[in-house]
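Note that the chains take the letters A, B, C, D and E in the order they are written out, and that residue 1 is the start of every chain.
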Amino acid sequence: MGLTFAAQLAERDVDVRFEVATGETLAVLGPNGAGKSTVLSLLAGLLAPTSGRADLEGSVLFDVGASRRTLTEPRERGISLLAQEALLFPHLSALENVAFGPRSRGVPRTAARATALGWLERVGVAELVHRRPHQLSGGQAQRVALARALAVEPSLLLLDEPLAALDVSITPTMRLLLREVLQGRTAVIVTHDPLDAFLLADRVLVLEGGRIVESGATAEVLTRPVTAFGARLAGLNLVQGRRTRTGFAGGNGIEVPLADRLPEGTALVLAVRPAAISVSLSSHPGADAAVVRAEIDDVEHRGDLVRIHAAGLAADVAPADAVALGLVPGIAVDLRIRHGDATVYPTRREQQDSGRSTAGSGR
Amino acid sequence: GADETAGSADTTAHSGGGSITVFAAASLKEPFTALADQFEDAHPGTDLTLNFAGSSDLATQLVEGAPADVLASADESTMERVRGADLLDGEPVTFATNILQLAVPPDNTAGIASLADAARPGVKTVVCAAQVPCGAAAARLQEAADVDLAPVSEESSVTDVLGKISSGEADAGLVYVTDVRAAGETVLGIAVPEAADVVNTYPVAALAGSQDPGTARDFVDFVVGDDGRAVLEAAGFGAP
Amino acid sequence: MELTPARLPRWILVLAAVGGLFVVLPLVAMALRVDWVHFVPLVTSESARAALLLSLRTSISATMLCVVFGVPMALVLARTSFRGQRILRSLVLLPLVLPPVVGGIALLYTFGRRGLLGGTLEALGVDIAFSTTAVVLSQAFVALPFLVLSLEGALRTVGTRYEAVGATLGATRWTVLRRITLPLVLPALISGAVLSFARALGEFGATLTFAGSLQGTTRTLPLEIYLQRETDPDAAVALSLILVVVAIAVVGAAHRVRPLGSLAPARPVAPALRRAVDTH
Amino acid sequence: MELTPARLPRWILVLAAVGGLFVVLPLVAMALRVDWVHFVPLVTSESARAALLLSLRTSISATMLCVVFGVPMALVLARTSFRGQRILRSLVLLPLVLPPVVGGIALLYTFGRRGLLGGTLEALGVDIAFSTTAVVLSQAFVALPFLVLSLEGALRTVGTRYEAVGATLGATRWTVLRRITLPLVLPALISGAVLSFARALGEFGATLTFAGSLQGTTRTLPLEIYLQRETDPDAAVALSLILVVVAIAVVGAAHRVRPLGSLAPARPVAPALRRAVDTH
Amino acid sequence: MGLTFAAQLAERDVDVRFEVATGETLAVLGPNGAGKSTVLSLLAGLLAPTSGRADLEGSVLFDVGASRRTLTEPRERGISLLAQEALLFPHLSALENVAFGPRSRGVPRTAARATALGWLERVGVAELVHRRPHQLSGGQAQRVALARALAVEPSLLLLDEPLAALDVSITPTMRLLLREVLQGRTAVIVTHDPLDAFLLADRVLVLEGGRIVESGATAEVLTRPVTAFGARLAGLNLVQGRRTRTGFAGGNGIEVPLADRLPEGTALVLAVRPAAISVSLSSHPGADAAVVRAEIDDVEHRGDLVRIHAAGLAADVAPADAVALGLVPGIAVDLRIRHGDATVYPTRREQQDSGRSTAGSGR
């Protein structure tokens, strides 16, 4: 049961297939234009696929093929969508916006308003109940929209960047709220923030160009990414390479001995945290570390640390060290990675090909 | 239909006061309103409803089944159309005549004194279009007077001709005597001698579909009779 | 306070002023010609009063008919697509282009005793022609395009995004219509209704032909004006001023309705509501 | 493919169908009465052809006048606020409510020889009465409200947000108007112009009163129809069908214009442009 | 010279006054509804203030008071605004949207298009030039809007959350782009991301409820915040307290000896990083550390670490330690802060009162 989804949308070049178990939360990540919002629209019934089929808890959401064309109406899908644009009804107050869902599902007016007020309080804008959408700031509108999506208690909850536009003082609270709400609820959430994925999702799906490029349990994908995008998400350096006779040989010259039994030539990736790379003007490779020599491409000052970009790697050094070493773009440095800090693993091709993950088991 | 007429004929016997609808040409509004009042006074309990419109509108309405008891038209061709549709109860009777007159603005800036003056180049003359009765009459008048008007406009009704003259827009126009009289001081009438040969006649008839043929015939008689004559004469209409 | 973001180029104002004068000057010219001494007795005469009342009654009924049938028509034109929709939209415009007299003839051909539906209606015991109903039908016929077209445009402009949101929140088609679509286009609906009302109020040709001109039953103010003009054009102009005043009043009232109440101040949550939440 | 988000309740469709029939049936009834044997000679008669040509010419001119003056008027009504604006908006509606004949009288009182501007115009050597110009003026007078009102509504719906963005990007008032405001309301402008054209094409009363009726100069098709009706109502109905066909053609053509070109496929960057960038 | 701004807007309860030197970038931060976008709208000329005056490089932007009312038209202000909503012109292609600014300023069509294409390439959506806004994804639209705002080369650049809706793979590139663009340009940028402030801004302004509550050099505000919001931004724990005879005494019981000469009773704050707080089931206060005992309020799993909330403090511990200690909400723990890790400083009241910072000197 749960959700099974497989759909193609030719005009946006999207072809995605996945499953979500009942009670599970799936995070969908990916670059702009990857097709994340498109997938949610297909689920919610705002777009019709070129072909494909989706079922939620045993009932068909859509089933479109050469000879058949079943499209359940949005309101009968039991799905609530927080779209990327807030799209609050301009003629209704914040309270009426949030009460709209419950009232549409038959809750009497007073009870629906009470529910709405409760949700507005939970997202922290209870004092704005009687404002119209055009009198709200961007973040306030986003919160009201979130409350509206949550107030309907659907079988499947779809959230498109629910925490975008929110300020730092409220996002932790909102994350906690979402975690509570998502408890035991089937949900798909789109986000650009890996922390959201970490805190809210059981599984992660990475889209790129309308196709799934990575998927799996959140911790797995975010600690052992196999794509550049996944690595960016996880804040890791990723080096593509191959199994040689002695171990791993990366594209940028890094070599790390390995003890596994993988056949020579297997495609591997090496992941390492920027803080685990030490930068020096020159160093001697020891038995326990790999060293790459490269020119610095860029130096980024990030408040309490300095990030050095070289050889496709990012390394974090203390500001004092950066000044002491005179790290500026153009000079050659040694980047040193202790073998113990590097994680090497296969690129899991089989998973990318199927684009299909095993159903999770609820949180 | 015809059998309807037969069926309603015996209702006449015990109709002391019925209610009838009279369809009359718009130009008859004044005299017929007065006539209706007099008729109602003369026949207590009778109720008269008047419907005024252009003669051809009235004909169309009747042909399409409008419920009416009497038709008073401003020209014979209209009456013929209704008769052609087999809607008349008896023969139409002429109850009034009318002749054309030259109408000019009160100040007569163009100095019009005769029909020939109205044909001078530079004089803006308006007449009715040949399709409407007053236009047909105007054409015949021009023939009779051997004058060839070059109108700047061929209007669809006398009222439109009159409007152009009273507003000073046109210098002269051909309208009926009665219209000049009704317009009061807003236009000046100039008699055209040849007009006496081009007489327009106004027929009236009871209608076949009448619910109250007795009263309808009574009213026709009333219009044709002395009372009617007096009112119509006061409005400027000639005797048939 | 929000600014008018870009004020208009000056020559736009000049053109607008010329256009405004073109509409206003004739009205001024009319008012100047009115013989005010005879004005009051004229406009309070029994026939004028009867005609005005009839006009108001029928125009309001016609406007209601336009709303009842025009709103669904606009919805169908704006929200569905089917073969022949383009032609249907053109057809809806036609009462606008037909000279009203011809419109009246067409109505007679349809609803008259010898018309297309005449037999059916007679069998049902309904006699429409030359009744007040006929007046309302003529007015509705010529006024319907205004409502349909202005509403359809607004529906297209508003788009379907909010309706889609409503549907994902579980609203039925009817709820979406009632609580989202119609409120969003309410300003256009009101101005469409005002246009229809104005057109119905001024309707003359179709009424004369289809309904006749019987005092108290079918002789509306424009017909009364037409008849007055036969004998006294100045009186007709004076009567027209009444139409003008009525129209200004209605339009003014309609624009006073602030459908979105957008500027209403924020009210505190009602105490009853607070309690409902607390005991939740 | 985007879905129709919430299809319409069924009874809405029923009401729409009834409304549609109400408009279409009279047209059908008209078409049924046409004596097709005499139709062709009738509609190709010289007077009919002259009237049709004159109608097209004058209606197009009147529509152009409406656009030239109506667009500025709509802009002023929608984008500025001044004392008396409410009243001005009502006044613009009035040509709609005035029986056209009275509108013609009002025009006579204004532009006629003895009218408000008569002296001025005479001094300028302009003689409007009984000319084709008078026909165009009458048509523009009755058609102007359509353009102004439908455009004003669209301007209000579109709002000023995009104009504000344009202003912050450095656009002058005129640029904002030309490149943002007008393109955004282009659909409404087109449909307003179509409405105006239709109204101008059907205009009858004001023309008759103000301009007169002379074949080739002032007798437009509606006037020709009116005259035909005096002798042969069925011929008048047949002529009306021409009006109907012309109107359908114009409306159809106008709706074919896809102003936003929204469905145009993405084109690759023009090579010339690419080069300009490369040498930058 | 540069920008001076002082304005009140009664209906939104905003009253703000600040200065930006020529070439300087100011970051405006603050909770939702604080008035950030309002300030930008006032500057751009989309809103008129109730009263106030602003000058840019010597020319008046607005000057509104009891007796005077000068409001320069938006297009004459030489200001370009990227608003919070993308608001791309719906009838123009992406290319024409971006070319609109240059063309409005008199650049010929071809040159304007070339400029536009250049900017679209820089924000990474060059392949979308001929798309209409409704055919763009949320992030793609945001990038086009950014390009449009940058393409006009204004005297003052206003950016409202320029990097919102962008994906992780592009944000670093966009930050670099912005850093380049802001080089030597007077700019005000609104953001919810402290990293943006760190990387892009010379000075920071924190708004709350329409008033300035903190302002100063970026590093200063983000390393020594005095408000709760500032601390959230900086990722620091902030403890409000007072100078006692011996040192600092915090509201939650923390005591730290101080060597300064501040008078007793001075309002002080203590800042400490979550990673610098160690958590144990019980510990003995040493001479060099402060200990607070408290019940755990919440435990957050954040991938490679676990965040413990207790006594108003957040402490990060390794997942293994959290499991070993059995850290769950409700149990009592000791939070230990080494004196050396805590920074104590006055709350800088004077700055909050004036709400006015000294003009910076350009980067």
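One rule holds in what follows: contacts are C-beta pairs under 8 Å (C-beta built on N, C-alpha and C of every residue); 3 or more make two chains touch, one makes a residue touch a chain.
The model shown is predicted, which means the values in this text are computed figures rather than measured ones.
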| item | value |
| --- | --- |
| Between chain A and chain E, the fewest steps along chains that touch one another | 1 |
| Chain whose mean Cα position lies farthest from chain E | B |
| Geometric centre distance via CA averages, chain E-chain D, whole Å | 54 |
| Distance between the centres, which are taken as Cα means, of chain B and chain A, whole angstrom | 88 |
| Centre distance in Å when chain C and chain D are each reduced to the mean of their C-alpha atoms | 18 |
| For chain D, residues contacting two or more additional chains | 3, 5-7, 105, 109, 115, 164, 166-167, 171, 226, 229, 233 |
| Multi-chain contact sites of chain B, meaning residues that touch two or more partners | 60, 63, 163 |
| Residues within chain A bordering two or more other chains | 45-46, 73-75 |
| Touching residues on chain D, where the partner in the complex is chain C | 3-9, 12-16, 18-20, 22-30, 32-33, 68-73, 75-76, 79-81, 86-103, 105-107, 109-110, 115-117, 140-141, 144-145, 148-150, 153-154, 156-158, 160, 163-164, 166-167, 171, 173-174, 176-177, 187-188, 191, 194-195, 198-199, 201-202, 204-205, 222, 225-226, 229, 233, 236-237, 240, 243-244, 246-248, 251-252, 255 |
| Residue numbers on chain A that touch chain C, as the complex places them | 44-46, 73-75, 77-81, 83, 87, 89-92, 95, 100-101, 104-105, 110-111, 113-115, 117-118, 121, 128-132, 134-135, 148, 152, 154 |
| Chain D to chain E touching residues, read off their complex | 161-162, 164-172, 175, 179-180, 183-184, 186, 259-260, 262, 266-269, 272-274, 276-277, 280 |
| Partner chain A, residues of chain E touching it in the complex | 29-34, 36-37, 84-85, 136-140, 142-143, 160-161, 164-170, 172, 176, 192-195, 198-199, 218-219, 222-223, 228-229, 232-233, 298, 300-304 |
| Residue ranges of chain C in contact with chain B within the complex | 101, 105, 108-109, 112-115, 118, 127, 129-130, 208-209, 212-215, 217, 226-227, 229-231, 233-234 |
